[in-house]
Amino acid sequence: MVKVGIVGATGYTGVELLRLLARHPQADLRAITSRAEAGVPVAALFPNLRGAIDLAFSDPKDTRLTGCDVVFFATPNGVCMQQARELLDAGVRVIDLAADFRIRDVPTWESWYKMKHACPELVADAVYGLPELYRQKIRHARLVANPGCYPTAVQLGFLPLVEAGRVDLASLIADAKSGVSGAGRKAEVHTLFSEAGDNFKAYAVPGHRHLPEIAQGLSAMAGRDVAPVFVPHLTPMIRGIHATLYARLNGSVDLQGLYEQRYAAEPFVDVMPSGSHPETRSVRAANTCRIAVHRPQDRDTVVVLSVIDNLVKGAAGQAVQNMNIMFDLPEAIALDALAVLP
Amino acid sequence: MVKVGIVGATGYTGVELLRLLARHPQADLRAITSRAEAGVPVAALFPNLRGAIDLAFSDPKDTRLTGCDVVFFATPNGVCMQQARELLDAGVRVIDLAADFRIRDVPTWESWYKMKHACPELVADAVYGLPELYRQKIRHARLVANPGCYPTAVQLGFLPLVEAGRVDLASLIADAKSGVSGAGRKAEVHTLFSEAGDNFKAYAVPGHRHLPEIAQGLSAMAGRDVAPVFVPHLTPMIRGIHATLYARLNGSVDLQGLYEQRYAAEPFVDVMPSGSHPETRSVRAANTCRIAVHRPQDRDTVVVLSVIDNLVKGAAGQAVQNMNIMFDLPEAIALDALAVLP
Amino acid sequence: MVKVGIVGATGYTGVELLRLLARHPQADLRAITSRAEAGVPVAALFPNLRGAIDLAFSDPKDTRLTGCDVVFFATPNGVCMQQARELLDAGVRVIDLAADFRIRDVPTWESWYKMKHACPELVADAVYGLPELYRQKIRHARLVANPGCYPTAVQLGFLPLVEAGRVDLASLIADAKSGVSGAGRKAEVHTLFSEAGDNFKAYAVPGHRHLPEIAQGLSAMAGRDVAPVFVPHLTPMIRGIHATLYARLNGSVDLQGLYEQRYAAEPFVDVMPSGSHPETRSVRAANTCRIAVHRPQDRDTVVVLSVIDNLVKGAAGQAVQNMNIMFDLPEAIALDALAVLP
Amino acid sequence: MVKVGIVGATGYTGVELLRLLARHPQADLRAITSRAEAGVPVAALFPNLRGAIDLAFSDPKDTRLTGCDVVFFATPNGVCMQQARELLDAGVRVIDLAADFRIRDVPTWESWYKMKHACPELVADAVYGLPELYRQKIRHARLVANPGCYPTAVQLGFLPLVEAGRVDLASLIADAKSGVSGAGRKAEVHTLFSEAGDNFKAYAVPGHRHLPEIAQGLSAMAGRDVAPVFVPHLTPMIRGIHATLYARLNGSVDLQGLYEQRYAAEPFVDVMPSGSHPETRSVRAANTCRIAVHRPQDRDTVVVLSVIDNLVKGAAGQAVQNMNIMFDLPEAIALDALAVLP
């Protein structure tokens, strides 16, 4: 059994992590800390967990997490970097679902996240937790930076093309659409039901924090700097990301074969048959990324459609997948539930 | 392993049954028949099942179901009654998710369902599949009539009060609200997104088919005829039923204690703490009924709030629960997934 | 031209009031005050008003409202009672869209609204702004208490039965369902899209502030104390209230005729044909209340279905209707737009 | 008064046309024909029209439309081309809200619409009803082809750039998202609430019928062949189109100034301030197209955001705008209602 602690967990990635870990046969949930909700039973905040999780949120001050094998941070940005050093020094492995360790260039991180990094010396040791690219490194990682939701959908969608050098790297466009849960469980006006419902909009077109993360990932695949265009949108659904990706092909290629081969051994990436249009609900509550690849009118622009559940493969599910890899458990443990449709 | 066949399964109760059975460790899914979709892989119609169910729909004419241990009918009303006799004679147990065997009085059934019953002689043998009332009979049943969605929520909500004789039986009102999936996966104008979305309405106020089923159930609990008022509504969500129940108390009673005691041993009924307001999403995709009981302003009207997922405890989940009981399996096998929230 | 001022207007009743007044040929909009948004153009906060309203929110301290003919308060509860005296003394007429003057019994108001009333001496002078009951008084009113959204739908639904003495007054139940905009444009967790979406729940079953308002209204109609049961619910749509009303008849009555006669001369109450089920979208963005009356199975319980748009007939539209009456304008001016369907 | 007839009008563009014309002071609605609904009062099908439109649908066989000044076709594709000749010969002007006369190259039309054109000789006479491009021709048109919804949003978004020759014409990408009402009021499975709700998908990526219309429009602006990439998506809202447009700039340009100048005199195109993100709800039920233009990170790709209500500026509203132009009425008559927000 893996002894597990969670810091935070009062938001949507948190409740999703709890939903998955509560049914994980190898996870022994020891503590869930929250300053704001200390003393409140977890199941009082999230009634779907009634009968499954008996723990209450505990005050961080009173909670010894150093006895855990792994600690997840389901916190806002900037929390994990304050506490990671102490846990790592105590031999605890850390998975950060926030962004503190995703960007390898610290000044870039600091300029996008508008804060000073508290432990820049750990950034180089962190492993970016996208198993489809870094599975071997994750296995031995002490500190995993769990990818962002948009970056997961976009990178998995572009990966075969960019790795294989099949596209003009100056032409990459990611038009991404997210469900509202991606904005978290914070009380804010723009994500109220009456604001986000029956409404569609782009946001952060001048620049979104996930852009440098996507650019870093694509650059690593390509072996040189890539600067994609990235436009996120808010769509009136709860869960799901749909990334529509555009790139100019630099020659002829068997697109379907390229994708199928690249992901043949991946348990959580499903390349759909040629001509498909993946729907976000086909991955709702599941840890799957479904991808379809098109070349409309046989012209030179490839269109890739990539969908995930932002809270699962885009957050909590991928974090559990990373834990499974880190602790040599079967990678799909606690992650084999089928998507809920309709 | 229980050898399982399914007739129908191209609708929402069908895909939900498949989602549950695909992960049921004791179910060996042998055949899924559909005239309309014969030859189509199940996962082509329902992409959430990709990688989990390799079967294609088979033509009923070419499919021998008599080798199964149990056959589920996830069909429109009027199909099971045509085929039950042959299966039962072959020793196959049958669970009908439609209404053919729910009403014990055949003329009543015929008048509400506007068709002649094809095998009235089987009706008396059928067991009404509400485990909280009929678990022992279900264990030995050859033919189970799986309850309707509204009747499940309403009966479980009224049960403790009516069994205990605590309410004026002439005062029962069930104001019920259903998600749109309750209307099925038929192409109809009134359940289009643009008709049912951002909209709320009552329907079938003069009389709904679930009324005689509810009346029969309450009458059985009370030991005498009960004729409740039942008003269903359509609410713009996909899954979920919320029943708001009203009754006049006929004396003083510890309501919270009454409910907690009645359901103490029930694995799928959760009596929430006093003062609670159960949300439908707290049972989304789970086989749970959550109930709260109120007595506003300490007056003589009790208000019971009862929520289920209409496709799970209100249909496919309850059907699997019945199968588990019938085959002496642990009752919660394949039914312990937590609700998906948000 | 009527010189109009608005206090508040940064919420949903406010933007709706602006939408209606911007196209009101007799309204001369002079000032819109808001402490929080002072200096911000109204159309920057509400882009649907771009090109139609050029005013910016002004600081209350710098804004002289005493030159107006009428001032609307689209503010939280407790604001109008602080400022009404000064405006009234200056000869300005006041319409409060909040609750400060709705309850005639001040101690009752103070206990439900948890604050001390700032000008109890004005309460008796205020006229309750439900034109279908108090049109003549409204005509001469100095201070109008615009009704709450639930109370509008519930009172209009019960009115013909209660006025005519046709029902057992001890049997009244109002099961009401509201769209999320009824909770306002405040940043709160429970009205986030990801909380209220695809979800249904009752709330405030032990007691909601609109209960004493409804009780007061029904009591006035009946000529004696009436204490209804009132259960509000939150439904995942933006606008709309659907009230399902139950009462026991105390004799035989032509229900359809009773309703049609009572509302024959009312421009904004539409009694639908016998057997109808009004939908909330049939009044979306319109000032109409649509009502249908049923007597299921010819038993002794009458079921009334009453729908309004909570922001129009339940708030801003009714306020403009009251203004039209107060200033001897045609009652339907600026209120004749048809409902937006779908 | 303009004598108006409507053919069809049982769908969403139809009810929207009726909503607008019912409040049009210069429109005299003479007849609304429908084979399927003949004899049914229009307000029985669309309750939002109760009290405003007293007509019933009439059988086309019994209805003389040749006495009208103008006839709108709110019908499926392929109907108007059967009846236009007779009406035009009788001196009646025709506005087709379907696609029969949108594509000037008849073989192209026939290959995309999978039918033989019934009156190819009229195609050249038809005027494409996009007032921002063809206002003068519309004024004198006998036959107006009202543009499609996607083409309206996409063309208005690209227009200033393409007219001014500011972009690489080989680089145009239109990633468009539509509300579900765009699919019409037909009973189909994929637009059911339970299918389209809480879900997002691309569709018709290999080729959508609006692609040749968009290509024709952009080519006319550019003066040479343009072949954009066009990817439509279905988003879970009722009304609204959001087009996100990408193009590579071929030099430096004052984008904001370019757009503001081009649309300075247009009553129904609103260029928002620099940095804006237009929301679809800001045009809900209004005849407005709102546009914002971005150049992220000052790189060479321009991103244009263009929103309309698909049923208004994308269909019925634009049709009324065309009628107003054709009959020398003020262009905004019956079209000045503000968008409904929230």
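So that you can tell them apart, the chains are marked A, B, C and D in the order they are listed, and the count of residues begins at 1 in each.
As a convention for this text, a contact is a pair of C-beta atoms (placed from the backbone, for glycine too) under 8 Å apart; a residue touches a chain by one contact, two chains touch by 3 or more.
What you see is a predicted model, and the numbers here were worked out from it, not measured in a lab.
The minimal number of chain-to-chain contact steps leading from chain A to chain D is 1.
Two chain pairs, A-B and B-D, are weighed by contacting C-beta pairs, with A-B ahead. With centres defined as mean CA coordinates, chain C is found 39 Å away from chain B. For the pair chain A and chain B, the distance between mean C-alpha positions equals 36 Å. Chain D has its Cα centroid 45 Å from the Cα centroid of chain B. Across the assembly, chain A contributes 12, 179, 181, 185, 194-195, 197-198, 236-239, 278-279, 281, 284, 342 as residues in contact with two or more other chains. The touching residues of chain A, counted against chain C in their complex, run 12, 179-181, 183, 185-189, 191-198, 236-238. Those residues of chain A lying in contact with chain D across their complex are 173, 175, 177, 179, 194-195, 197-203, 205-207, 227, 229-231, 233, 235-240, 242, 244, 246, 275, 277-281, 284, 294, 296-297, 299, 301, 303, 305, 307, 342.
Taken together, the chain D residues at the contact with chain C in this complex read 12, 15, 19, 22-23, 46-52, 181, 185, 197-198, 238-239, 270, 272, 278-279, 281-286, 290, 336-342.
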